[in-house]
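When the chains are written out, they are named A, B, C and D in that same order, and each has its own residue count from 1.
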Amino acid sequence: MIVLALVAILFFGGAIAWASEALDARMPRAVALLSLLASAAVLLIFCFSSSPGVMLAGGQWWVLESWAWIPRFGISLLVGVDGLSLLLLLLTLFLGLIALGAAWNEIQERVGFFYFNLLWTIAGVVGVFTALDLFLFFFFWEVMLIPMYLIIAIWGHENRAYAAMKFFLYTQVSGLLLLLAILTMSYLHFVQFSRFSFDYFDLQNVVIPGALQTWIMLGFFVGFATKLPIFGLHSWLPDAHSQAPTAGSVLLAGVLLKTGAYGLIRFTLPLFPEASADFSSIAMTIAAIGILYCAKVAFAQQDIKRLIAYTSVSHMGFVLLGIYAWNLYGLQGAVMTMLAHGLSSAALFMLAGGLQARFHTRDMELLNGLWVKLPMLSAMALFFTVAAVGMPGLGNFIGEFLSLLGAFQSNRVATIFAALGLVLAAVYSLWVIQKMFHGQLRVPSQYASAGDLTLIELLCYALMAAGLVWMGMYPQSFLDVSEVSLLYLQSLGGGGE
Amino acid sequence: MIFLFYTAAIVALIATIAVIISTNVVHALVYLIISLLSVAVIFFALGAPFAAMLEAIVYAGAIMVLFLFVMMMLNLGQTTQDEEKEWMQPRLWIGPVTLVALLLVQMTNVLLTQDVDLRPIEVGVLEISVLLFGPWLLAVELASMLLLAGLVAAYHLAKK
Amino acid sequence: MQNWIGLLPAFPLAGFVLLVLSRGRMSKTAASFIGAGSVGLAFVLAVLISIEFLNSGAQSFSKTLWVWMQVGELDTGFSFYLDGLTLVMILIISGVGFLIHLYSTGFMADDPDFARFFSYMNLFVASMLVLVLADNLILLYLGWEGVGLCSYLLIGFWYQNPANGYAARKAFVVTRVGDTSMAIGLFLLFSQLGSLNIQEILVLAPSQWSTGSGMAVAASALLLGGAVGKSAQLPLQTWLPDAMAGPTPISALIHAATMVTAGVYLIARTHVLFELAPSVQLLVAFVGLATLLMAGFTAMMQRDIKRILAYSTISQIGYMFLALGVGAWSAAVFHLMTHAFFKALLFLAAGTVILSLHHEHDIFKMGAMRRRLPVSFWCFIVGSAALTALPFTSGFYSKDAILLAALAHPTYGMLLWVGGVLGAFMTALYSFRLVFVVFFGSSHYAAHEAAPHDDHAAVVENTSPAMFFPLLILAGLSLFGGLISVPVDAVFAQSGVHEEAHVSQFLHTLMILIPILGVMISWLLYGSVPYEKAGAHLRQRLVQSPLGGWLNRFWFSGWGMDKLYQTLLVQAFLMLAHINRKDVIDIAFNGTAFVARFANSALVLTQTGNMRWYAISLVAGLVIVIGLGVFR
Amino acid sequence: MDFIPYEHGLILAAILFVCGLVGVLTRRNIVFVLMSLEIMLNACGLAFVVASSRWQHAEGQVMFLMILTLAAAEVAVGLGLIIQMYRRFHTVDISVLNEMKG
């Protein structure tokens, strides 16, 4: 029930938020806050009050429930929460609140519809992280994308139509491949067990002949990797991130990218162990190239949001690397990177959004030496940049270190090249700090009166910073939660190493 | 009967060609009527008196009258005729005519591969009616719907 | 007391947190109280811990504060490990650190960002303590990166000047190259040995690897990469001279006494690995030798007082590497300690000179400061004497030990020794050049250049006791620090046998005399009455000869390494980045959109809107289809 | 009674059809175009009737009837369109109507 309750709160909250705009323009955000808090409370109460109850096939599930939906095709409302899902759900709701904080004063038109889209995106993500029926999963996958498309297309910046269309095309085309792969899986289940099934556990039993397995695996891989995104399929992301409103960027970078990684961990590798094992060296090479290439491209950007977007792609390379290492270190590293990058990139996008709100530009050439003027904002920027560089003691380091540690055991060359990304990360990050925050103050003169952080912003940043420190200093609290489920998934996709 | 067929065929051909090269609309219309009537004669020669009747009455009669009315409403005068002459440049029609001639060659080629003679056995109204109100009833209904639609559309379109 | 070891880094860390949270609104008194006080408390605690540790007679002590990461075989905690080596390090860090903090309260008194300065300093001390206390390599890496970050922040402390920012970035990025090598080394160690706990590695490695095996060579070479970056040795030394852009106390604390010696600490800590890889160990020695010579020659040519000291630091760390390379572990640590004393002293004294001359760095614009700044002068004399290893100063004992050990090296002993002695000669030359040019001769300081409103009399020594007390203590330590014995024998118990070498009396005497000779030559060139006449003429001729001029420029530029890296790496990277600013992948994907649009505009030409055209195309299609059907 | 060669009837239909096609393709006056269409439809009808004769079956003529109806409806709508066009553009030149140009 817990999952349905979460999704329902968010769905109905969204609808109510939209409707409540008729009463007062400030109502939608209050409704959105309430529903997010309510769902967060439900989740927290749930995960503190219960322990993983259901053990199934070595997996440890807090929840594993199923209701019939379209029995004729073997489609059910099968949802489950294990450690991996739980961590990502917490991240989702946390960043949902942060995104709300970012949107609080920024969104001034069509407010109700905005919060509707925001909540529905979050609801879609919650669904994605919990659905174990592949049809249901795909349903939520689409639910998550369309409101996000609207958020970019309606409330975005100057080039929003282009960015939104690009986002839409990429995700839809890759989603189509995913759907085809899912349907093929279901059909194979029909052939072998004479009934259709989209059930995650059923599909694990399907025996897929060699070449076909590679093709279906690629369908899943491309579907998820576009979302991650990997090198080569990443070019939607800089546009989408830079054009989206701040809340949209926060959700995109913080949460939506993680759905791709989640899909890889949950579905691609466990369902297609042999094909994935064969593919792992390619994937790790792609990851290493992506880390270096996108770091290099990031360095050349002038638009601060584009820069952060490219760094996101670069960091997601570590996730891919960790996943395809397919040992516990790599997986834990990938999960930690997902969590930590969720916070740090969300914070960086929020900072960029804050700067845009203050100075109406994202051009680094026009904004220099902000430390003098905005010391608190600059200090926050420094903190999160340092986090993104992978400073030990903060969450990102734990993730990247474990990813690389795991990856080193399965592919040394790729790991060594990926590790060079640490140097490039320092190069572009410090360049940003130098360009924007150090040096002589120079801002567009008509906005020279912009003030430092507001209370809401300060609260958001403080929460995220605390989260990163927690992850960096005591990551064990996160590692413990995800360990059993990762071991379970690893046992499914045994042939990874 | 053979004689009837070939004379009517020649008349139909000449009249048709006259239709497409004529510059005066009314003249063309008259040629068209002649062409249709000769086709009616051919029908008769092929032993299809009912079809011949309908051809004469509906085509040459009703439809062409409709054309005539429209001609009168449009009242296209001498200027139109001059325009028509201007438009009848060889460079304009040589391409389409070549293409179409090619088509004709192809069709003739196909048709000449068989060699069967026609025995004109009269097919009367009765047989047609049996078919029309038997297996083809649905087609008849559809045709009536089509006519109704045409009626409504024509009324609507011609309205001011 | 030992159980409170966790508080050691916690004190400065708490100071950092308090200072950050104050957001610059704290009064300077309170800030300096917190900033220096927290490090002072750490020092007191370090002393108490040392006393207890030494009295207990135990070899080592370790304490786990909490579990950090536990994944599979990887089991690391926030655990501290204490032995003789660590003890030396924590005492240096907290002791010298405290003195420099104290000095900074005077030095930075006029800076508006006073609290920020102390917050970074405290964070640095905390990170450095974690670095040396760490019982596993990941925690060491945490401290390692932490000190790098603080170094970055403090070099670029006066952030409004882009040059400082450039220097700071350069420092961070160059050391990061080494750090990455070290990180890869950690991955390798873990994948081979299944542990990152230092003591376990030191036990496991000899049991699993034979001497000279490929893995041992790879692992120690990778660790050496990290050490080379942090300790500014060849080929990653280029960042340190630029790092002098930071405030002078920073140069003293981070870029002389503590952080830059972290590489030495790392190699000493993991010495077992290096002993397993003799080729790498020899490489360490030669890196040290090359660096100390290169930096010595470069220091000769510099004009900036702090850059001279920076190159001398590089050179002295070269000696430590030389010692490490020949297996004289405790000599290296000993020199690390004495170097911390006299180099901190030199930097702090230089700081007083710089401060009294309104941030003038060019030594040829100083001169005759001996009477105006007597305390600085005497401190400089003491520091330079120790640096030059004049007999009975602290530097003498440590450098003597190193050179003797180098000579005892079985194969390359003579080569290493000659190089080291030549380096010592250069050291004498450049350090006393500095002393003579700055403190003797006639004054070249033009006050109006720096501060138009001050008259010449403004050149007075800052008499704040907060600044003098550290100078005096450090001067004392520089003189007599050689009498302290470092309690590291237990740490290196199983190795370091060839430290007690027998050396001929002749060589030993030569070794002692050569620095003195260097000082005398330096006097001839720069110090003899007034050096402008005799020395300057000679120097002039040297510089004007083609070879001399070339060498001058070559040495001045730090052997062209900066330029080399600039062209080879920086420019190439910038070019690559700017060529691909638009992201070629994006262009490829947009290419599909472009092709579609082009095809559209081509095909749209067929849509003329003319009915006859459509009919003709229909007929043409018909002709073709029938043609295909009929004439097949 | 003599027989008419089956193919001659069909060739006549083909020639008439082709004449109509030439008209459609070459004329710019929309009235002529419509007339040419009528010729083509009529030719089709002729082909059906010939076929009906050939196979001795009435269904060909049923088809002719269908074509007749179609032609009637088409003419009605077509003429209505011509009137509209003339009202709007004051011409019967079909080339004027190229709004659909891409």
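We adopt the following convention: a residue touches a chain if its C-beta (ideal position, glycine included) is under 8 Å from a C-beta of that chain, and two chains touch if they have at least 3 such contacts.
None of these values were measured; they are calculated from a predicted model.
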Report back the single chain whose CA centre is most distant from the CA centre of subunit C.
B
If you average the Cα atoms of subunit B and of subunit C to get two centres, how far apart are those centres in Å?
100
Subunit A and subunit D have mean C-alpha positions lying a whole-number Å distance apart equal to 64
Measuring centre to centre with CA averages, how many angstrom lie between subunit A and subunit C?
38
Per the centroid of Cα atoms for each chain, what is the distance between subunit B and subunit D, given in Å?
6
Of all residues in subunit A, the ones touching two or more other chains
none
Mark out which residues of subunit B touch at least two other chains, giving numbers and ranges.
96, 99-100, 103, 107
Send over the residues of subunit D in touch with two or more other chains.
21, 25-26, 28
Could you please write down every pair of chains that are in touch?
A-C, B-C, B-D, C-D
Subunit C-touching residues of subunit D, taken from the complex the two chains share
21, 24-26, 28, 33, 94-95, 97-102
Interfacial residue positions of subunit A with respect to subunit C in the complex
231-232, 234-235, 238, 296-297, 299-301, 310, 327-329, 332, 369, 371-372, 375-376, 379, 386, 391-393, 397-398, 401-402, 404-405, 408-409, 415-416, 419-420, 422-423, 426-427, 430-431, 434, 437-440, 473-476, 479, 483
Parts of subunit C lying in touch with subunit B, wherever the complex brings them together
612, 616, 619-620, 622-623, 626-627, 630
Footprint of subunit D on subunit B - complex, ascending:
1-2, 5, 9, 12-13, 16-17, 19-20, 25, 28-29, 32, 35-36, 39, 42-43, 45-48, 50-51, 54-55, 58-59, 62-63, 66-67, 70-71, 73-74, 76, 80, 83-84, 87-88, 92-93, 96-97, 99-101, 103-104, 107-108, 111-112, 114-121, 123, 127-128, 130-132, 136, 139, 143-144, 146-147, 149-151, 153-158, 160
Contact set on subunit C toward subunit D in their complex
603-612, 615-616, 619
